[in-house]
Amino acid sequence: MSAPAWASPRRTSNGPVRVATIGAGRIGTNHASLVARLIPGARLFAVADPVDGAAARLAAEVGAQVATTSIDEVLAHPEVDAVLITAPARSHTDLVCAAAAAGKHVFCEKPMAVTLDDADRAIAAAHDAGVVLQVGFNRRFAPGFAAARRAIDDGRIGTPQLLRSLTRDPGPFAGDPARIPQWTIFLETLIHDFDTLSFLNPGAEPVSVHAFAGALIRPDAAATGHLDTAVVTIRYDNGAIATADASFSAMYGYDVRGEAFGSGGMVTAGNGRSTDMTYHGPEGVGIDTARRDTDLLHDAYLGELTAFVDAVRTGTAAVVDGTDARRALSIALAAVRSVETESVVAV
Amino acid sequence: MSAPAWASPRRTSNGPVRVATIGAGRIGTNHASLVARLIPGARLFAVADPVDGAAARLAAEVGAQVATTSIDEVLAHPEVDAVLITAPARSHTDLVCAAAAAGKHVFCEKPMAVTLDDADRAIAAAHDAGVVLQVGFNRRFAPGFAAARRAIDDGRIGTPQLLRSLTRDPGPFAGDPARIPQWTIFLETLIHDFDTLSFLNPGAEPVSVHAFAGALIRPDAAATGHLDTAVVTIRYDNGAIATADASFSAMYGYDVRGEAFGSGGMVTAGNGRSTDMTYHGPEGVGIDTARRDTDLLHDAYLGELTAFVDAVRTGTAAVVDGTDARRALSIALAAVRSVETESVVAV
Amino acid sequence: MSAPAWASPRRTSNGPVRVATIGAGRIGTNHASLVARLIPGARLFAVADPVDGAAARLAAEVGAQVATTSIDEVLAHPEVDAVLITAPARSHTDLVCAAAAAGKHVFCEKPMAVTLDDADRAIAAAHDAGVVLQVGFNRRFAPGFAAARRAIDDGRIGTPQLLRSLTRDPGPFAGDPARIPQWTIFLETLIHDFDTLSFLNPGAEPVSVHAFAGALIRPDAAATGHLDTAVVTIRYDNGAIATADASFSAMYGYDVRGEAFGSGGMVTAGNGRSTDMTYHGPEGVGIDTARRDTDLLHDAYLGELTAFVDAVRTGTAAVVDGTDARRALSIALAAVRSVETESVVAV
Amino acid sequence: MSAPAWASPRRTSNGPVRVATIGAGRIGTNHASLVARLIPGARLFAVADPVDGAAARLAAEVGAQVATTSIDEVLAHPEVDAVLITAPARSHTDLVCAAAAAGKHVFCEKPMAVTLDDADRAIAAAHDAGVVLQVGFNRRFAPGFAAARRAIDDGRIGTPQLLRSLTRDPGPFAGDPARIPQWTIFLETLIHDFDTLSFLNPGAEPVSVHAFAGALIRPDAAATGHLDTAVVTIRYDNGAIATADASFSAMYGYDVRGEAFGSGGMVTAGNGRSTDMTYHGPEGVGIDTARRDTDLLHDAYLGELTAFVDAVRTGTAAVVDGTDARRALSIALAAVRSVETESVVAV
């Protein structure tokens, strides 16, 4: 990823980066709260959410100056330097484009897009506007995954050969299959793993993809196309073979792990612990696990938002950007086609 | 697996089971030594190996009464109750059939066969002769894997949904690709994992198989069909999806692990430790890993040979038998076809 | 610890708590940087250090408005709400008293005092002035130790019976024994462990103390009274028996661990890992360890400073205060006497 | 420990070592069963136990030829080569002396003696008779502890400085304090730890001892002198300081651990796991712990009995002998005096 030659002409002061959150749901609340309290150099300035009262509530909680149901209002606001897009997934691309057109730097939650055309459109919009476009692949900022990547960069595993990434949401699964868009497991869940695998196999491009998927948690919803469990294998142009798996219901808590095996050694990251406390009781030895991504990945969320604000302040490129989102999406779309055709799919 | 109605008419005494080893190579030496020293109720009686002097050397080392270059001689010997087949892989089926025909109980190292016809032939031979036929899937007897299965049988993971098994031989890889039969990674290495996955998904049958494989350790040998790295995914008739991966060269030692994730929880087995000693030094925290299967799986080898001798003594069926070997082989052969056709293959 | 009935009359605004750091050394820099960047509701306003240029350098780095070589100046400054005392250990009591007399809330690094009279003096000064007095026992805020305490509070270990706490500084030891005040290992190092043991044995008071100590790292300095290795055992009034050990030179990194064993179970905290990344290489399995307390205990430092600022803002008592410092000191002084007299000492 | 110049004149054959077990209780049964099934080169020949029927039952179970209520009978039996003393602790010394006088090689469970005079008497008896005398300090043969010692011998921890060993019996405690001899926690439980500490600090001699102990599990029995929880600290002549702790009731299972910290690094051994299986369920992550020493230390029991039989067969000295028992006892007796006098005691 070469740094584009854009500047940030609209940042007229050296003060804190004024941030607006678009979307006041669970992740929007998490991000707004972190920006308001814990991100150096940033100020949570505005909250926008079309749901009546949602923005006002969050703005009051985190001390934002502006609360509005109008996204257009924050995009047009001259004091907003940057926006965090935490709206529903399928609206992301349009919001990225609108924000970029308004000259706002953009942090966009994954997935940035669900078609390659949309991904290209978002990348072009940010490029043309000369704004930072960072995508919410938080796992790159989790300390264990970041340390794994450093070990790879230091040559400690040699050439990557076998890779693994997994995402298992804490159970029991309480979602309504009828309200979950089709292919969500690939486009919204495993998209994290597809990016992680690229992160652990730097410079390689995916070549072939195969996926098995099923409605194992909710077999009653299988007929409607519901998928809640999946295994995807990917071959890269450097020969490495990767596996990603996902489940919507891990009874033991939120589980995010990575493994990179190479000619010289192996790194693993992620262990599901919430702290380094271990309990030994009548039932054996126990370790507290995290039940929420915002607990397990707190440091990762902090890290990605800090990196975004730093990029905006220093006029440098995002460390994980639209092209990374596009690469992960290309794998997700190939996995979709693999399930549809029950075959191996070229990326 | 129902227990066949065979008896063991040729066991004329209540004394120790008299065992002959066919093959005095690395595994034959390991097994002969264990039988001679550590398997209750067994006596290492004979060693046969066509290589000049090999049987004599091993017999002297372990105190066997008979040493011969003639396999026929031990099969015809009236004092031999049971044989351990540890000869080269591609001779296994014929030896199983000959031993069974001679009325000897048979412990056969994996793979029992490399074609389904051969597998059927071996199963039939043992059945017709009324002898025990146990296959060397030692991992079922490793304490951690056995405990994992008990947890599954106890319902602690619920319905299996995602499974994983891997085998990574200690590196650096020193083999000669030209001397390794084609498809060895599936037929001889991953065959262990295919059995382990069935062990962790009891009662399920494999339905579809996909494999990616390559010559990642020795890319120079790729043109001759050499494969040293592989990832296989399998879908079972209960919906569970499994991944098996293998490498011929893990720089950190012999690595054998299993994972079974289900609707109620997860079990993992295998951690590569050779002891529970942990070293903390200037380079960080270190754990001694095992460099040899006969170290890491010592308890597993003991367990499988003890189980075999017990089955012979008590006239009960082997706990892992020819049908298990056939099931694992069916996956291996599907993986071969998947690589050949670059497609998903029905089992 | 009952909450005193003081108020905070001098906080005249609802704005951020304006903090001055007294001492611009290693820990002062750490704390100033955290307050400036990461503590919600606080502003790093001033830095004082008598060493020429030290305050100016740090103030520039963290963006403090005031830099001075005069401690009196910051104590007299009307805009300073609270001070962080990170000056040399033996000046702490006087600084606490002066700051309290000036009406400033006080966060004091350990040890708050090295005599019981001094401890009483500091406690009284804060009480009389009605200011918050928090002591820098950061381990209480480390996530693993805090989780251990929660497990204890939840009754999961039953009645505490055996306790352990240890502190091992990263090696190799590079200090000059001649410049380390006598008894430092008890008064400045193990003081953390003495507090941790009280934290893990809530409500209990120490009764008897025994200590073995030596100059094991620098035996050449033994004649001057240098001590670099020590083991202290403590009996509490609830019968529990605790062990604390310390070394100035752990070659594998900074090592801080706790263990509380009781009638119902055990909790352990601390594992020396810097991240959840694990490396597997030719030398075995490795885990990155932390080489600095400010890395290993980053979250703990954040936690204690956040708690201090919250106490100041909300007018509540410090969660770890002068009486906790006095209790830990009483054990340290008993340990000193135990070494001097080679006997068991009543607290 | 220099090898004595004794020979084994009474071993008239090269056949298996014929072993008699004296004592058919829990440990006697464990040892007899191991010898009968799993110790190469040994045969379980006789069982003696004064309790009516006990010897007969065990002999039938393990296939011993001779069962008797008369200990004299097995000591006088010309076909007995060696005896395992697993009788009640306070009879050990007399049995060692009688067996040695009868020319039998002796494996004696700990404690070999409970007075130093008795220890000297046992050592002299074995020496005069020229028989092997091995003491049941099994922990030296546990793979993790043995690996720790190898790391120490290899110089990987440098000079030992801080040592730890602990023994916690699985709870809940079901013993009757009135039937447990006074000082059992030192003479029978911690005696293992005192030997382990010497094992991890090779060549050093104990110099000073301090102990805190109490009736924390059964405070109602405190008045009778019952002790169920103890912490002992020991200073050695090489400066190293050790801690040993014990509890009669660990609710999480049998817990045996060791730690040796030195100028170059640290080793730890023991983790309470019964297998490498890990369970992840709704309550967090769980590890099966061992509830019995004969499970957790199975490999250690095998190792010590194999070593004993090998010593008998090859005419070499025991690897852990009467002088090791005497050293551990000297610490235990000093700990007793420390509790009695509430002071530090010279060994």
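So that you can tell them apart, the chains are marked A, B, C and D in the order they are listed, and the count of residues begins at 1 in each.
Methods note: a contact is a pair of C-beta atoms (placed from the backbone, for glycine too) under 8 Å apart; a residue touches a chain by one contact, two chains touch by 3 or more.
These figures come from a predicted structure and were not determined experimentally.
Peer 1: Measuring between Cα centroids, what's the chain most distant from subunit A?
Peer 2: Taking each chain's C-alpha mean as its centre, the farthest from subunit A is D.
Peer 1: Looking at chain pairs B-D and B-C, which one is connected by more C-beta pairs in contact?
Peer 2: Comparing B-D with B-C, the pair joined by more C-beta contacts is B-D.
Peer 1: On a C-alpha centroid basis, what's the spacing between subunit A and subunit B, in Å?
Peer 2: Computed from C-alpha means, the inter-chain centre distance equals 42 Å.
Peer 1: Taking each chain's centre as the mean of its CA atoms, how far is subunit B from subunit D in angstrom?
Peer 2: Computed value for the inter-centroid distance: 38 Å.
Peer 1: How big is the gap, in whole Å, between where the Cα atoms of subunit B centre and where those of subunit C centre?
Peer 2: For subunit B versus subunit C, the centre distance works out to 56 Å.
Peer 1: So which stretches of subunit B touch two or more other chains?
Peer 2: Each of 250-252, 264-266, 273, 279-282, 288 in subunit B touches at least two other chains.
Peer 1: Can you check the complex and tell me which residues of subunit D touch subunit A?
Peer 2: Interface residues on the subunit D side: 250-253, 255, 272-273, 279-289.
Peer 1: Write out the stretch or stretches of subunit C touching subunit D in their complex.
Peer 2: It is residues 158-159, 161-162, 168, 208, 210, 212-214, 216-217, 219, 229-231, 233, 235, 239-243, 245, 247, 249-252, 261, 263-266, 342-344 of subunit C that touch subunit D.
Peer 1: Would you tell me which residues of subunit D are touching subunit B in their complex?
Peer 2: Touch list, subunit D to subunit B: 36-38, 40, 143-148, 151, 156, 264-271, 273-282, 288.
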